[in-house]
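In what follows, subunit A forms one complex with subunit B and a second complex with subunit C.
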Partner chain A sequence: MHTKLLEVTNLVRRFELPKRLFSKQQRYIHAVDGVSFSLGRAETLGIVGESGCGKTTLSRAMLRLVEPDAGKIVFRGRDITHLSKEELRAERRHMQIVFQDPFGSFNPRMTVRQLIDEPLSVHTSDDAATRLEKVRDVMASVGLDPRLSERHPHEFSGGQRQRIGIARALILRPDLIIGDEPVSALDVSIRAQILNLMKQLQAEFGASYVMVSHDLGAIRFICHRVAVMYLGRVVEEGLTEDVFREPLHPYTKGLIDAVPLPRLRPERTRQLLVGEMPSPINPPTGCHFHPRCPVALKQCRTVAPGFTDLGGGRRVTCHLYAPTNGGHEPPPAEAGAKSS
Partner chain B sequence: MSQNQSAAGIRDDDLAMTRTAWPARAWSALCSLLLQSPSAFIGAIILALIIFSCFVVPTLLGQDGEATNLLNTFVPPVWQEGGSWSVPLGTDNLGRDVLGRILVGGRVSITVALCAVAIALTVGLVLGTLSGFYGGWVDSIIMRVGDLFLAYPFMLLTISVIALLGPSLTNLIIILALADWVTYARTVRGSVIAVRNKDYIRSAEAIGARNRTIIRRHVVPNILAPILVLATVRAANYIIWESGLSFLGMGVPPPTPTWGIMLAEGRNYILNAWWLVTLPGLAIMFTILSVNLLGDGLRDAMDPRLKRVGK
Partner chain C sequence: MTMNAGPPLLEIDRLSIDAVSAGRQVRLVDEVSLNLQAGQVLGLVGESGCGKSLLSYSILRLLEPGLRIAGGNIRLEGKSLTDLSERKIRAIRGNEISMIFQEPLTALNPVFTVGDQVAEVFRTHRGMSKAEARRKAVDALAEVGVPSPEIRVTQYPADLSGGMRQRVMIAMALACRPKVLIADEPTTALDATIQAQILELMRGLQRNFGTAIIFISHDLGVVAEVADRVAVLYCGRVVEEAPVAELFQNPRHPYTRGLMRAVPQPDAEVMPAILHEIKGNVPRPGHLPGGCRFHPRCPIARDICTTSDPQRIKVGADHHVACWEATDAH
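Presenting the complex of A and B:
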């Protein structure tokens, strides 16, 4: 029996760019560039990063909604990286996804009943009456009035639609639910409701979540562990509380400092990120983050840092923490940050 | 069923909907669609009237539109001086009853239009959907064959088919379908490509639905509206094409009356017998108008987003 529900190893997904005229060289965008993580049962992993860092591609690639170019995905103890279409189809009943856009992710011609029923009709051979009963049950458990089941999705508000999306993901009692920015399109007040609902449903049904988001507040609220992505690579991973209390990687620090605080005088100096994320077509050499890094060392320009395991599930990709660079000693990051 | 009603609010008709056989369901769905849109309703009524008068009335009256009466030529319609109630819309150069010929002639025009639309639409829908959904080499092959058909001039196609098979109603339908399936295929393909990238297709894939289920449940229903409008516009075109081909002698052979043949023959006498061209022309116009009204209305009624909220 595997304790891990999902293990992703060195996942790579790159997109081909159109060839230039007279150029033989094929250029790629490395959207996901060697990402590894694992997810336990009833655990929530958050994946955070700026727009374009590859988090959405990662969420699709680990379900094989886009085919990964390299790497390995082990789901429920089974390597699904090379499953045939038909085998994968059967496996999909255990993994579901909630999309970001509650307006575009439903077929406008189907009623709510048909939408929520779809996974059932694909994967089970229950008769119509049983399925209707299940649809009504799941509607009730996500807080939708079952009497609205014959309505069309456009008659619902954004928050209600996201509940429909969750109901649809939940109805087969999957082991894994991936949320691709599930609350980003919602109002702040609705956001809290949906996050609470997801938390409560996790307690009830024991599904594992992967939450992809740029919303640090949401991630902090719902995730047990968090992985920070930058330009297709994971730069830091650890328990949510650890990462938020003491971010190690300079990029994570910048991200967390960028969250506005409702205080007149911030108690510590903020280290805000400067500049734009570089193009993933021509990523910087060495550490991808070095052009924006306030504490970059010489070797950051040439050598890509490997993962340094700091214990307790904490991993960071930064030369400052590499054993050759002073091991686990507190890095000279604070000094650098203050002087700049 | 009654214990359910109290518990989860299940109504009997919820289950009934899933139980009824599909023809009955389709029929009731069609009726409710027609009632939702006034223009579809009016179009359907006019079209039903036209079809009824063309296919049933002449048989009841024992008319075939071919009987000549050389003693009674160029009688004007009844409201003009010299008109007579025995031939309400007058007679033509051979003394044939214009009303009877319009009614009988409508059979050919309507049959041609409906059959050609049905065939071309089916072929175009199937090939266009495959082409747009799967892309790659499937798309290339289908679209190159389509280009071949597009590049082939319509008149040349008609002349070669007629020369090969001879003029007849069936051949006329075949020609129209051959010439026009590409129009549907291309429109369908474009719409399918647009729909294919929607999130709800991703979502269905994530659920694990088979491609054919995705096509049937998610792709086709969402591309049908523009195709339906296209079909009604083309149906109107086919009536005109049929008229044109009959006019050139490449349509249905005489003496069977069609609206096109009536126009062709009537044009020689347009200065002294206006009713010979005007009346069949009006018949064509009303048929096309009703088909267009129906198509437009159905498109609006089929879009759930335009449905009136509440009951």
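Presenting the complex of A and C:
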């Protein structure tokens, strides 16, 4: 079966800015600026980028947790872009989110059993005994002792709370789980446990994941494919192994090079990106990345690059790889070009 | 104790810190000894609750109410800091020892301009005039790579990005050319590309000014980039301490090894199908296991580890570890 679970086309989400005095013109921030991707069954897509790149807004907009302003979302073969609230609610049981800080999203007065049971009682008509059985099953699946089900979340450590968050997302056996920085708040020694758990649960239950994270190591470990975002746009997309072994977009390279590694490296050959991500209120003309780009060409300042499809699901938004620019010459070697 | 010649600039000597609440005492930092040599960067690594932040706050006596130094001493150039009067310690803060924090927005005053706040350091500690302090503030911001500093001084903290705010904090901390800078997770709240820039800046300034730095981080990768020496903390104790190259080439404590292996590296040759885990959870203070504190999570624990606390021993030039496995190998 090779059907897509989720197909997002040209998704746009913008936020209105307060009007300037005497100005009639409405200004916007384009948090998500025409993003397209698809997600297969039991596949994990990583969305990486720095704060403000729009990755969190994208993860909400693809489920219509924030309403997109334009674009199309097809989920489980059904166009959900214009579904009514009631119709959407029925679809929601198939999509769940795991948050960065599970504690912040838990009602502290509820017991672990009540917390994990909540989606079941909202979305199903199972009786109490059946639900309890399911809660105990899912607790065991995520490595929590079912005997602790009457405890409160504050009695658990950070890693165990994230297990509760995952159990809660998993209990309806959703087709799609969005992980919004699910391990970022955890201690290093606990992160590996949770990442392993999520991978193992996917093998067991076959859910698709969208993992939103700035943690490139975690993304490389858990994702089949990855999309790199910069100022609301996807700048590079491909199979995780391809993108990490041979990043094409200069931003992707800079991002990977910036990660401090817990080992001694030989004299560094890495390139640090200069400057900061510009304000999305006034994004740079042309390619959004050109002011920070170490290999920017003349046209990058004026012309926004389109997607270049390099085959094998590899797409990059960069003039260096556009066949129409620079004739048929291959891209410069120092840009890590790959002949296709 | 160390091979470096001369007495240490800053000496933490069997320091213990307790939390006291409702008549109950819980030990959070337990007889930690560390030396910082002049011009050196000492990295303190550990997970939440290991006591790394408490340790650093206690140096400037910034512990919150309810926490107290229960034993030991902290000496700057041989002079004890633990029994100085509040007035005297205030003269040391910002002047001889200064500090930067994880979240600069909470450390900067939102209602004063950046220039006012940087200038205040010069006025307070150097007694400069307003105009002179202002000029120095512009220079100080230029030094830490703030673009167009003469414009930035008129702006408020909210007008600056996270990276710029941290640069401002660094400018303020280094304004009086302190002997020691305590940096508590200074890049944790920043994006990776900005973190790389700030680390580079700190390394450069450290080389130019010869400031000694205590660099606290949960991230072994960050410490690998900045530190000369590294101390790994677990549950209020130093479990391993070594020069940075030695630590990464030859980690001896199972906890240190576990931390290094648990992090998936984005540029790894081969990504493992399953990540190396450190099993279990970090124990809560007051609920520490007996014997070696790491033994319930340790892959090589044996009987002695459950009953008896390993002493810190020397396993190489300037390399110390507290582990029974290492003790027996020597």
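Here is the rule we use: the second predicted complex is superposed on the first by the 318 of 340 C-alpha atoms of A that agree within 3 Å, B and C clash if a C-alpha of one lies under 4 Å from a C-alpha of the other, contacts with A are read in each partner's own complex, and residues count from 1 in each chain.
The working rule: a contact is a pair of C-beta atoms (placed from the backbone, for glycine too) under 8 Å apart; a residue touches a chain by one contact, two chains touch by 3 or more.
Note that the structure is a prediction, hence the values are computed from the model and not measured.
Novice: According to the stated criteria, A:189 is in contact with first (subunit B), second (subunit C), both, or neither; which is it?
Specialist: Only subunit C; A:189 stays clear of subunit B.
Novice: According to the stated criteria, A:129 is in contact with first (subunit B), second (subunit C), both, or neither; which is it?
Specialist: The first partner, subunit B, only.
Novice: Looking at A:273, would you say it contacts subunit B, subunit C, both, or neither? Reply first, second, both or neither.
Specialist: second
Novice: Examine A:51 and indicate which partner it touches, taking first as subunit B and second as subunit C; both and neither are also allowed.
Specialist: Only subunit C; A:51 stays clear of subunit B.
Novice: Check the residue A:220 against both partner chains and state whether it touches subunit B (first), subunit C (second), both, or neither.
Specialist: second
Novice: Once bound in the complex, which stretches of subunit B touch subunit A?
Specialist: It comes out as residues 8-10, 14-15, 18-19, 198-200, 202-210, 213, 217-218, 221-222, 303-305, 307, 309.
Novice: For subunit C, which residues count as touching subunit A in their complex?
Specialist: 47-48, 161, 163-164, 191-197, 199-200, 218-225, 244-245, 248-249, 258-260, 262-268, 271-272, 274-279, 281-282, 284, 297
Novice: Would you pull the subunit A residues touching subunit C in the complex into a rising list?
Specialist: 50-51, 157-160, 187-193, 195-196, 199, 214, 216-221, 241, 244, 254-265, 272-274, 276-277
Novice: Subunit B touches which residues of subunit A in the complex?
Specialist: That would be residues 60, 63, 65, 88-93, 95-97, 99, 101, 104-110, 113, 118-119, 122-123, 128-129, 132-133, 136-137, 146-147, 149-150, 152, 154-155, 168 of subunit A.
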